[in-house]
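Following this line, the structures themselves.
Here come two complexes built around subunit A, the first alongside subunit B, the second alongside subunit C.
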Partner chain A sequence: MVSASAYVPAIVLLPFVSFIVALFGRENLPKRGAYGGIAATAGSLLLSLWVLVSVRNGAAFQETYYTWATGAGAQDWTLTFGALIDPLSVLMLVIVSLVAMLVHIFSLGYMNDEDERDLPRYYAGLGLFTASMLGFVIADNLLMAFMFFELVGLCSYLLIGFHFREPGPPSAAKKAFLVTRFGDYFFLVGVVAVFTTFGTAAFAGAESFPALAEAALNGEATVWTPGGLEVSTWFTIVGLLILGGVIGKSAQFPLHTWLPDAMEGPTPVSALIHAATMVAAGVYLVARMYGFYVLSPTTMAIIAFVGGFTALFAATMGVVKRELKQVLAYSTISQYGYMMLALGSGGYVAAVFHLTTHAFFKALLFLGAGSVIIAMHHNEDMWDMGGLKDKLPVTYWTFLAGSLALAGIFPFAGFWSKDEILYEALIHGLDEPLILGAYVMGLLAVPVTAFYTFRMVFLTFHGEPRSSLARDPHPVRWNVKGPLSVLGILAVVTGGINLVPVQKVLNIEGIDYLHLWLDNHWGGIEGLSSHHYAELDPYSSQYLFGGEVPTVLAGAAASLGLAIGGLALAWVLYNVADPDEHTDKLGGLKELLYNNYYQDEFQVWVADNTQSVAGGADTFDQGVIDGVVNGVSSVSLLSSERIRRIQSGVVSNYALLLTLGLTTLLVVFGLIGGWF
Partner chain B sequence: MVPPEYYLVLSAAIFCIGLFGILTRRNALYFLMSAELMLNAAVINLVAFSFQWGNLTGQTFALFVIALAAAEVAVGIGIVLVLYRNFGDVDVLNAATMRW
Partner chain C sequence: MILEALLAVTFAAALLVFAAPDEYAPKLAFGLSLLPIAGSLYLWSAFESGGNALTGGEIAFNTVVPWLEVAGYQLQWYVGLDGISLPLVILTTFLTSLAIVSAWTPIDERQSQFYGLMLLMEANLIGVFTALDFFLWFVFWEAVLVPMYFLIGIWGGPRRKYAAIKFFVYTNIASLVMFIGFMMLVIGLPVNSFGLPEITQSLAAGELGNFFWLPADTLALVAFAAMFIGFAVKVPVVPVHTWLPDAHVEAPTPVSVMLAGVLLKMGTYALLRFNYTMLPEQAQYFAVPIAIIAVVSVIYGAMLALAQEDLKRIVAYSSVSSMGYVLLGLVAFTEFGLGGATFQMIAHGLISGLMFMAVGVIYNATHTRLVGDMSGLADRMPIAVWILVAGAFAYMGLPLMAGFAGEFFIFVGSFGSTVLPYAPVFTAVAMFGIVIVAGYLLRAMQGTLFGPFNLETDYELDRAPIHDVAPLVALLAAIIVLGVVPSLFFDMIRDATVPLLELLGGGAP
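Moving on to the complex of A and B:
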């Protein structure tokens, strides 16, 4: 029996091969590259499922494939590529490859059927994007993770700017690239700091940096700190540096501004970016090195607070948007805020749970939006839609399932995961004012989320058609309906993998599969279990109303009640034949929200006012760095100008030079050798 | 038996004559002849030491050099012919077009 572990590199390499094939095959490929991409991602999915089964049977492992640099002398660091296959990463592998495959299939309908030009480039981009993300997921050390993290960023640039002949997409692509790069800059410094501090960047094992950090805090090991800084302070600083990359990629406040603009990319790309790949990378990174983050209460509190704030902040902006994909963009930012809130408040499993359910229902919503956009001939304004319910039944019902999940309505997937996040934040937050504040913001975001989600649903699908496009929509084919149906089912049932509240209230053991899974119940890697993290985290649990069960019920009732309240408000305002733009009543507040709290303007202002710094760096680069290089080259140019004169073309001169040279050599050897 | 110093002096003298010819003459045919002289000066050295140490390697080598010299002359004459065809002369100073 061949073991699944041998095929782990193939999971990453298959989409990479499809990238190469699409890149060089150009227009000759069947369906212009789509079939290759579908085959590759389907292969990755099958292999991932196989690895999932083998991990279920206790075959988690870590393996180094390639060492590309080793330290010289006394330092014994090595830079490697390797795979870390444990319950967390294999779960993520399945999610990424599944969503990537569905996105490829959907692209047949969204791109091929619409006769977009230059499709091999599109499929090449999708292939590389998937490969980078899968490589990031299996990374067994921080440096490898960083490299694939950057590749993901590059691919997002290529895909968001796919329609580069129009003015919007290239500028959105540039913005996404630069804003995430700003965060990645801190990440890179953090990687170097981890290396200098611990001499390793491995995620797992006794010699990994989370394990060494734990030992150092317990006084069992010594690590280097700059200027004899307190160890815990230094760990907080390193954690925050790496968090910079996370905030950029996962679009958390204040680096969230790139994400709504990234909607300029083709819709399937938006689904891939927001559901499974780029944005998920940040949250996944925190989960991956959670053993390091739990050691620093300050970092944890900051993560939770940033997450809670972003959840509410982004949700409010989603309320007033006119365009379908814009609403989804802000909901993405908001949902990733929830995941960060969960991670920061010690809810490791809750965060991974929400990452899973969100991947499915958000991919569903984006693909559903894509289907609507096909039907509407690429008009995205919700005020031109309406009444699409009867004309696009498959899209409508799946979109509704995704929306109910996003709004957190019982018993759809999003309810279970969001409820668990809020529960974790609540029980851990009663002693910690920052976590409690984050919890309150997270709770406030629930009705807002439900409201904007159903405002979107009602405006798009209900009421009377508000334009000729909506009266006569373009039909969609199987390649759109198929992925939607798969994701629609997943959005309904994924909650079943982790029915913690049911377990607690009804006292049934063993239906919290995800908890058991991440707790290494079926085997995993030592030190990477949720149990271990729970021992390390700085929080104590407090219960309201004198017990766990009442707290569970109260928390669920609060979040469900608020969600239904938001839904009901949307129903009253927008589920009518001809809805008004009720957000106009908000007056100046609407302007503020519609312009994203003037965050973009603020960032431009900051950029304008720091031009002198950039100018200084430019002068240094041009003057000193380039100056040295140019100096070296001009010295050799000038001297060669002189020396080449000796090449006269007269053969006698060459003979003379040879003779003189030989004589000189003989004399020199004679003098040194003492012949005279 | 003639002591080896005499051979060495002879060889050095022939070599210097060859070198002098190469450095001063402008006619390519003189070049060929001078090169021949220098080769043979080296061969005299080989034969002399071979004789001195009673080892045949040097003499064998001398035979090889003679064959080599014949080949060299064949190539050299060819070059001189081409030189004449292209520049109308066998003066090496005329053929100075391959330079900076």
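Moving on to the complex of A and C:
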């Protein structure tokens, strides 16, 4: 049998080919590009599954495919492209290609059936988006990861701004690219720092930067640091620099503001961005180079704290939104906060677990929202909906499954993963107060999440229709119901891949498949296992009530209890025939939440001020720097009036002026250089 | 003799086009400009990488013919190539042909003179990048200014006279300062020719003596500073940059393409060839002030671009910013720093050429370049607009396009430089330019290309003609190819820049 490794590049190239085909094929393509995209992503999915099986059989590998550039001498660094196929990356490959395929199919209903313009451009964008993300996932070094990370950013720009003829989408696209670019600036400084420090940016192997960093901390290797900085301090700085990119792409506080605006993109694109591509990229990057992050307790604590805070902060804003997709946007920010909380508190497996379950239930919720939006003729205001339950049964039941998963209700997928995150944060937090603080914020976000989720469900599907659109919705077809059904099933059952609490409480061995999988139980790459990370991380575990099992039960009871509490409150307030906007009673607080704590105003203020600084610089440039040139020129013009028989015209005035200017510069230069 | 043939063919082409009737000049000029391209591609295929031409490495395609003797100095016809100059020759021939095609729409009077001057400028530019004797080089260097002066002064916008004179005098005075500095250096050396390799090797051997009362150490510093100032105007860097936006705004599109694409590279090429090859120790001495100039050029240039409302001014100021990166790479004086700086010259040449051409295509159709005068152009001229978007992302340093390769090489090279104190701080501050560039280009694109269609000027907008779009496509293709396979040029550049480090024993950790 041919080894799967030979086909790994094809996983990335297939969607790229669909991009090229859609770009040049234009309107002549079958379904205007959709079928090509579906075929390509289906091919990627099949190949990914094949590689998954081969990794299960112990065929994890790292291979360099292409050398992009080589240095020389002291900077003898090779900049390469290669694949790192291990349990983590192959799992992500399957998630990305599956969600991408379903999004393509759904787009047939959302875009083609609605007779949107420029569809080849849309499918070209989707293809490039998928290819970029897949390339990012297989990256075997930080530079390659950065490159595809940026391409993901480009694609989000193109797709969020797809409806470029309206004023909103181009503005949202600009904001998304600019805010994430701000984060990527720090990431790029981090990449440069990694090369300078370690001479390599490889993720895996004895000569990889996490391994070298570990050796340097143990005194077994020496690395470059700027100005003789302490190694551990420098690693913390480098880790935080790279984290800048993560915070931007994964929409963590304070760079989360682009994500709600990104709802201007077509809904299937939102599903792709939120579930499997752009936003997932940040968290995946931390997991990918987790061996480096665990070496710095400070960075870990910051990751956990940012995550916990974002989880709570974003959830509160989700409570008051009127539009279906806005609620989901804030839920995404909040859920990625949970993943960061997990990573920062040493819960590597928990984070990957939540990344997986969230990918399925969030894709489901967005596509469900898309289905509702088709039905509502593109009205997204939940206060115009109501009573859609009976008219859209498939959408309703799948959306309900996704909502139960998001709210963390037993036994849906989200319950298991969120519970494990909180459990990890708790047992490590009992030893480390900062982590405990992050845990408390994560726990407080649980009832808020359940509340806003079911406020959304009840307002959309229950009660009486509140508008004529809701009374007579547009029907949806198989291409909408199909993807919803697949994801609906996954949202229910995905928790089964990692039944840790059941294992612990009932003492059944071997049902924590994801733990075994990420621990290289079936083979993997040396140094990239959850065990290895656990040995390195700065935490030790403490238990409540004297043991593991009581802690598991208490943690689960707390989070489930709070989730049910939030759900119950939403039930009481909103599951009525004609609900009121109860959040109005919050008064000024509602205003604050509805306006996102005036975060966006702050960023607009920053942008405006940058613009005025630029204006000032321009005035300075025209007035002072060029003014000196022109001013002295006119002075000498006067004098040249008198001596015009010797000198003629403007040329010589400039000559005089410039000689003077340059002599001055030379003197200044000499003074700076200090050789007078 | 192949370099002589290349120069001769280009000069002959210029003369032929001057003599041709106006109606045939555009196509004839384009056809003839393919010959230098063929020549440079032949050079590329026959080229074998072998070190730096000045420090004693292999000099490809070289010819040395004694010319005349002046005051005890032998002037020579001395040309040759190495891994630094060959990519620039290729860039020059490639960009000139495309600029000629982009002139077909906007240039509608005195065509034979226009295209003749373009080819004349190309010939002189090839001369600048191939000459290895100082006097020969200086003749070409000055001769480039003449066609440029007329190209701006005759076919330019309303303030063309002002801009042309400002450009001419500013850069000419700079040349004078540089010339004096270099001459002082030569007089202090026991050489009897102006051959750049001889001078470099004599300096490297520590043979610099006194210049009248000036001791050798001070002489070297003065010469370095004088040459730096002379070349800095050409680059240009802040604060001697103000001629650039005026020249760009007044120049017609194809002339802007040549100005930003090739002429600015004369400055950085000369900095690399003279300051950083001949006087590396003095370069180290001045590292901090020059790094400050580089960082200020990057950030201040980008801020100025952010303030502009004229698309062409935006692109013009962004050149100041991008060339600041080149200076940072030079001052870092490491393998990736010097190599990246040279690579960035090529990358920026292609990308700024693309941006000026794309803005030109829009101007041809709308007759305005003001951001506030138009919106939603993507609806009417989709292909030109989407190529402009691609070019803008190349400018922002999107990976797998040439700009990212150049900038990344510079950053990764300079971060750990041992030559430059506080190198990580300088590098990190300069890198913030990648955020500002995204700010002003995205802002400009959102304002003009997207949103509901609107045009203040009264013109019918149609799809751009094919000969407007074709050069854009060619440039975009080149940008992507170099971004994906930077080693096409980077390998030879590296082989030619690494010997410089041995002069100093400098470099990274």
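By definition in this document, the second predicted complex is superposed on the first by the 605 of 676 C-alpha atoms of A that agree within 3 Å, B and C clash if a C-alpha of one lies under 4 Å from a C-alpha of the other, contacts with A are read in each partner's own complex, and residues count from 1 in each chain.
Everything that follows uses one rule, which is that a residue touches a chain if its C-beta (ideal position, glycine included) is under 8 Å from a C-beta of that chain, and two chains touch if they have at least 3 such contacts.
These numbers were taken from a predicted model, which means no experiment stands behind them.
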- Once the structures are superposed on A, label A:Pro170 by its partner contacts, choosing first (subunit B), second (subunit C), both or neither. second
- Message: Just checking: does A:Thr67 make contact with subunit B only, subunit C only, both, or neither of them? Give me first, second, both or neither.
- Response: second
- Query: For subunit A, which side has the bigger count of touched residues, subunit B or subunit C?
  - Reply: C
- Query: Given the touch rule stated above, what does A:Ala577 touch, subunit B (first), subunit C (second), both, or neither?
  - Reply: neither
- So, does A:Ile625 touch the first partner subunit B, the second partner subunit C, both, or neither? second
- Message: Once chain A of both complexes is superposed, is A:Ala6 in touch with subunit B (first), subunit C (second), both, or neither?
- Response: neither
- Touching subunit B in one complex and subunit C in the other: list those residues of subunit A. 650-651, 655, 659
- Item | Touching residues on subunit A, where the partner in the complex is subunit C | 67-77, 143, 146-148, 150-151, 154, 161, 164-167, 169-171, 173-174, 177-178, 181-182, 185, 188-189, 191-193, 195-196, 224, 226, 610-611, 613-615, 617-618, 621, 625-626, 629, 650-651, 654-655, 658-659, 661-662, 665-666, 669-670, 672-673, 675
- Note on the structure: Note: in the complex, subunit A contacts subunit B through residues 644-645, 647-652, 655-656, 659
- Task: Write out the stretch or stretches of subunit C touching subunit A in their complex.
- Result: 165-166, 168-170, 172-174, 176-177, 218, 221-222, 225-226, 228-229, 238-242, 285-286, 289, 300, 303-304, 306-308, 334-336, 339, 376, 378-379, 393, 396, 398-400, 404-405, 408-409, 411-413, 415-416, 423-424, 427-428, 431-432, 434-435, 438-439, 442-443, 445-446, 449-453, 486-487, 490-491, 494, 498, 501, 507-509
- Query: Can you name the residues of subunit B that touch subunit A in the complex?
  - Reply: 19, 22-24, 26, 31, 92-93, 95-100
